[in-house]
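Have a look at these structures, which come just after this line.
First chain A sits with chain B, and in the next complex the same chain sits with chain C.
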Partner chain A sequence: MDHDNAFGELIQEYIAESLPLAEAVTDAFLALERRWRDGDTDAADAAGLKGTLHTLKGNSAMMGLAPIQLVAHVLEDLTARILADTAARTEAAAALLVEGSGLLADLVQAAANPAALGGAAEEYAGRVRVHLGTAGDPVGQPLRLERRNIERRADAGADASGTIRVDFRRLDTMLEIFGEAMIERSALLEVYRGLTARYGSGPEIADLERAVSALGATMKRLETALMQTRLLPIATVFGRFGRAVRDLARDERKRVRLVTEGDDTRLDKTILDRLGEPLVHLLSNAIVHGVEPEAERVRVGKPPEATVLLRAATLADQVQITVADDGRGLDTDRIVAKARALGLDAPSADREAIHALIFVPGFSTAEQVSTVAGRGVGLDAAAAAIHALGGGIEVASEPGRGTSFTLTLPLTLAIVRSLIVEVDEERYAVPLSHVAETVRLEPGTLHEINSRGVAMWRGSAIHVADGGQLLGTGATRTAPRNYYVVLFAGPRRRGLLVDRLVGHQDVVVKGLDPTLGRPDVVSGATILGDGRVACILDAAGIVALREVA
Partner chain B sequence: MARHSKAPVVAAAPSVFEFADQVAAQEAAAVAPAPVGTLHLITFRLDGEEFGLPVETVREVIRVGDITRVPQAPRHIRGVTNLRGRILPVVEIRTRLGLAPLVPRSTARIIVTDVRGRVLGLLVDSVAQVQKVPADRLVAAPDEVKSAHTTYLTGVVHMDARLIILLDLALALDASASPT
Partner chain C sequence: MSHATPRPGTFLVVDDSALHHQMYRLIFSKGPLAGSTVYHAMNGREGYALLAAHPELTLVLLDLNMPEMNGLELLSRRQAEGLHPHVPVVLVTTESTPEDEARGRGAGAWDYLRKPFQPADVERLIARLQAERAPAA
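Entry: the complex of A and B
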């Protein structure tokens, strides 16, 4: 059992080590393919790639990952061929190299599940051998290493540059312990307040106050330092897109160059893990709908090759990500026509309001269904994913000049400033990033339409749901609630009636065990100052609910 | 804070849990037919009947503190509780067995089980003891017991006048599988 665990950790370590290498190889071959197509058949920098491929081959052999070893092996052969022979630098060879390095990255990523790896590797290797005219050659057998050696490697996480690789779960453990310390500090604070109330002031009480407040300041610094260790460069996400953009552009018969900026911008891993999908969709959208066909670009005097920009930058405690293209821009006339056809209320003058329509579920301006657009993940899904992270998404567009999506995201989701509310004696944390306002319920301000609560809020009618019903507290009550909290995610709003506002608190977010199901209304849990567990409301989920009384 | 001997599960990916589920299912299936040596069981009571779990699957037994209800959780989940800073799901094993939910008294306990790093609490009426049982006392359940309890036991142990029912932990693990 421990052997299996050690092996599992090793696989994770292998992936962490090898994936960046495989992605670097892919990027380099993509650049090479581009240059060759432009007529520059220099291949000098491929020499360095041979070394990287060799490392990948060795690492994979050590883990007994024969299919990955095989792909790295034939890629090495193919690289050797193009280095040695200028005549071999053909478009077909370049395409094979790009394909193989992409396959390599995919296989490395799936290394934890080696049973599924074999077929594609064999098939690819076969084609490379045919290309090289070496079909029938034996390929190196995977090295068999003794478990003992592998386990020794597992401890060797340190490298010469002074950085160490740490299992992310250890950082979670540290955060867990930090959370306990925060709880203990609030307990101490309670004691201090009690003492002050009982004995008034005095030199010892003053000392205690200094100590308690110094502890608070130190904890804040510890929190910041802890958060810093959890941040990873966004390059780990951006790095995946090079090949995807190339492949999609080729399918669309367009020429597209992907430029990334701010690759070293850092974000919490939990956010990075959920950023890939919305970004893929925005990039696909740019290539499929934004970028014009080459002939059209030439006709309007644009460079035949389109540019798609992916940029990240840190702004205070937020990260801004831009996905921009130099394509044709959003067609406002068509958006309005489509909106009317869908029966939506379409403004005719306000360009920004028209642009915002593209985030409405089910909206798409594509004239024909392409492979990507047909997958059913719309811009609305990308927007929902960003909203669920507590972020925002905006679009700006100029006809003929291009379209730019701007995403703003919090740095971390691990510690979240929250409003603590009470509903039927249950306490919940509501992330402040989703709270527009808290309103004291005055008599006569809550109306009932179709047996749903409705209130006027900032000039518009919003649905106000009962917290007890929504959360299923099961309590039967007669007294009215005292407050409602206006939750928002993107453009959606919904009020939630609660009994009491307890206060603000930084809460350490903990995930829910899958045993607890997948509630729509709760996204996690945290431990409050009194040691009790409180669920964290999923504001994005709550505002998106369709049937709520 | 007590030392955790296993890796924490707090923010691990769902796939890990799926894996744990598979492993747990395999393990549970493998428990009954291998009676070698001595079994160490933690025994506990549910509605008058005595149940047992292999000691290796139990991390600790704790008193019942505040249990927070989780909205929309499956029916057999009582809620979550704070286990030294970690959020422990508490399974209402009684309703899983068709009994009424527990009205906790001072004897009630939460048995913290750990199956390959996946940690869950089982709410029980009371905990009796650790019982050493010669493995050959473990037998397949008699038919009349089986018909009523067939889905949650892996075998029974006869000790003098006692009958200890070996609980199938997979039952607790897939408490979310049948929300009806």
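Entry: the complex of A and C
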């Protein structure tokens, strides 16, 4: 008697219809959470969401997808509560709604493989019931069905993927504790060195050395394992765009197909959370400016329906995301003309350099506000957001063939591979993702032009700023600095004069007290192996600074 | 618990969910209802036009919540215009209050079908309708 699966063959139709609903609910709860945080606890639009959740619950029930039904059910209860009771509009409730709707979308997406749906639904539902104070209430059918599904899975000997959901802040706490353990390990290492210096070698010292070095290796493994727990599939971000692309294309009266690849590429949640906005900018740009009107496409022999590709791939310890369209490509003549009109230096021959102009602040927004009513598509904003994540953005374009933006992002922001430098006896961490090269300063290679330091680096002149002045160390310089570090962000370069290169180190990033100021040049702080506190330099910010003495 | 077996017929499904149309397609292509003729409408407006064109319908399965003329609006308009009053209509709802049901019956709904449903629920409903409408022996 297996009536739940009467519609089993419709699973793809179910996913196609339910996923946009679940994603719309997620977006709405995210917006609601933001509004509540800003003090506006209106919940009027949640009434519509309750209906959507009800539909999702019903559809999932008809498909026999009990875990999804359960999540929709408790979300509906929670929504009913916040609608009925203004006092229930708390941060905790908003967080549960956001989490649950995200889970709902994940489960819908995985619905074709019901064995994987598993315990996350029940675990989440349990927490919602505790939150609502209905922990003892039977939820009836969904729970029974769930239990039966679990039994069936066990019968089939299927691998029950033991997944639990953990509050992300707990992972942050673990990472902080890990950072402290790294510092303590360094202290231990110092003690070991001290003992060796004092008593020379001996069997106990050799044992200690082995223990310290084994601890180091284990810590490295712990770091890797910890990082793995923070990575989520990029599908959670890509999944949001289907609807937005469709709507925008409709507004533009264009036919656009969004193709995603590499949805299971994994990235740190903190990066994923901040990736949505720049990607929306790039996708809007592709649809509004890249894709030609249908008639024009037909005239030049292209398929009337345009394709916009969103692709993610892991390359070593970086993730590359491509947003590509098969539209008309960038118009270099117009870019040059506009750059000149804006008073920018416009190269006339180098196509790549011309393309790079579109990321200059103010360049892309100015015109688009007038051409597309009210829709400022800020490529500069997208580029700034990517740089702030420690990433890079590049554009490639073929006239008539299309435009493709390539973003390169670190896997995580929590641990940053850094070059440790010393300036006026202070140590600083420079993210290696922004270091092009370190150069020993030979006498006579640094020139002063218009009272700014300039050096020739790989055949072109770059500005070189003094680390002490930039960072405000306040020290009076007596001797020239020994090195400069070439920083880059996108196409820009800038040298930074330092006294000493200390070495490479993975540093655990800690937030910076906002009262400390100098936000342009410092992005965070860390504790070095020797226990010293060091600032992490905001390389993208330094490179972007307009005037540095 | 056994129920009478329904016979194939001509059905109109009015629903804005593509998934539900596929579900009905399965129900009407397998089991005792296989061989039925099914017309599909994605909103009330289309549904009304199809109802007008097919007086021979055995039954209309009408979703309550739809954009562009919901189920109740369709029923009210049919009543006002006296369009094929002999064709029974079942309102399909997810959650209906007794008040909703009263309004639906007042507007001429023969019965309700509650989501989530399974094929057997639809089969049972149609068997009951056919038994009720059969000429008295």
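Criterion: the second predicted complex is superposed on the first by the 336 of 549 C-alpha atoms of A that agree within 3 Å, B and C clash if a C-alpha of one lies under 4 Å from a C-alpha of the other, contacts with A are read in each partner's own complex, and residues count from 1 in each chain.
Everything that follows uses one rule, which is that a contact is a pair of C-beta atoms (placed from the backbone, for glycine too) under 8 Å apart; a residue touches a chain by one contact, two chains touch by 3 or more.
It should be emphasised that the depicted structure is a prediction, and the values quoted were computed from it without experimental measurement.
Chemist: Which chain makes contact with more of the residues of chain A, chain B or else chain C?
Modeler: Touching more of chain A: B.
Chemist: After superposition on the shared chain, which partner residues are touched by A:T270: those of chain B (first), chain C (second), both, or neither?
Modeler: The answer is first: A:T270 touches chain B but not chain C.
Chemist: Per the contact definition in the header, classify A:T173: touching chain B only (first), chain C only (second), both, or neither.
Modeler: After superposing on A, A:T173 lies in contact with chain B but is clear of chain C.
Chemist: Let me test your reading of the model: by the given contact rule, A:Y14 touches which partner, first (chain B), second (chain C), both or neither?
Modeler: Touch status of A:Y14: second partner only.
Chemist: Who does A:A61 touch here: chain B (first), chain C (second), both, or neither?
Modeler: Only chain C is touched by A:A61; chain B is not.
Chemist: If we overlay the two complexes on their shared chain A, which of chain B and chain C does A:G51 touch? Say first, second, both or neither.
Modeler: second
Chemist: Touching A:E426 in the superposition: chain B (first), chain C (second), both, neither?
Modeler: After superposition on chain A, A:E426 lies in contact with chain B alone.
Chemist: With both complexes overlaid on chain A, does A:V533 touch chain B (first), chain C (second), both or neither?
Modeler: Touch partner of A:V533: chain B, not chain C.
Chemist: List the residues of chain A that touch chain B in one complex and chain C in the other.
Modeler: none
Chemist: In their shared complex, at which residues does chain A touch chain C?
Modeler: Spelled out, the residues of chain A in touch with chain C are 3-4, 6-7, 9-10, 13-14, 16-18, 51, 54-55, 58-59, 61-62.
Chemist: Using the touch definition from the top, list the residues of chain B that touch chain A in their complex.
Modeler: Per the touch definition, chain B meets chain A at residues 1, 4, 7-12, 14, 17, 65-66, 68-74, 77, 79-82, 84-87, 89, 91, 116, 118, 120, 173, 175-176, 179.
Chemist: Can you list the chain C residues touching chain A in their complex?
Modeler: 17-19, 22-23, 26, 65, 94-95, 115-120
Chemist: Show which residues of chain A lie in contact with chain B when the two form their complex.
Modeler: 1, 5, 168-169, 172-173, 176-177, 179-180, 183, 270, 426, 470-473, 510-517, 519-522, 525, 527, 531-535
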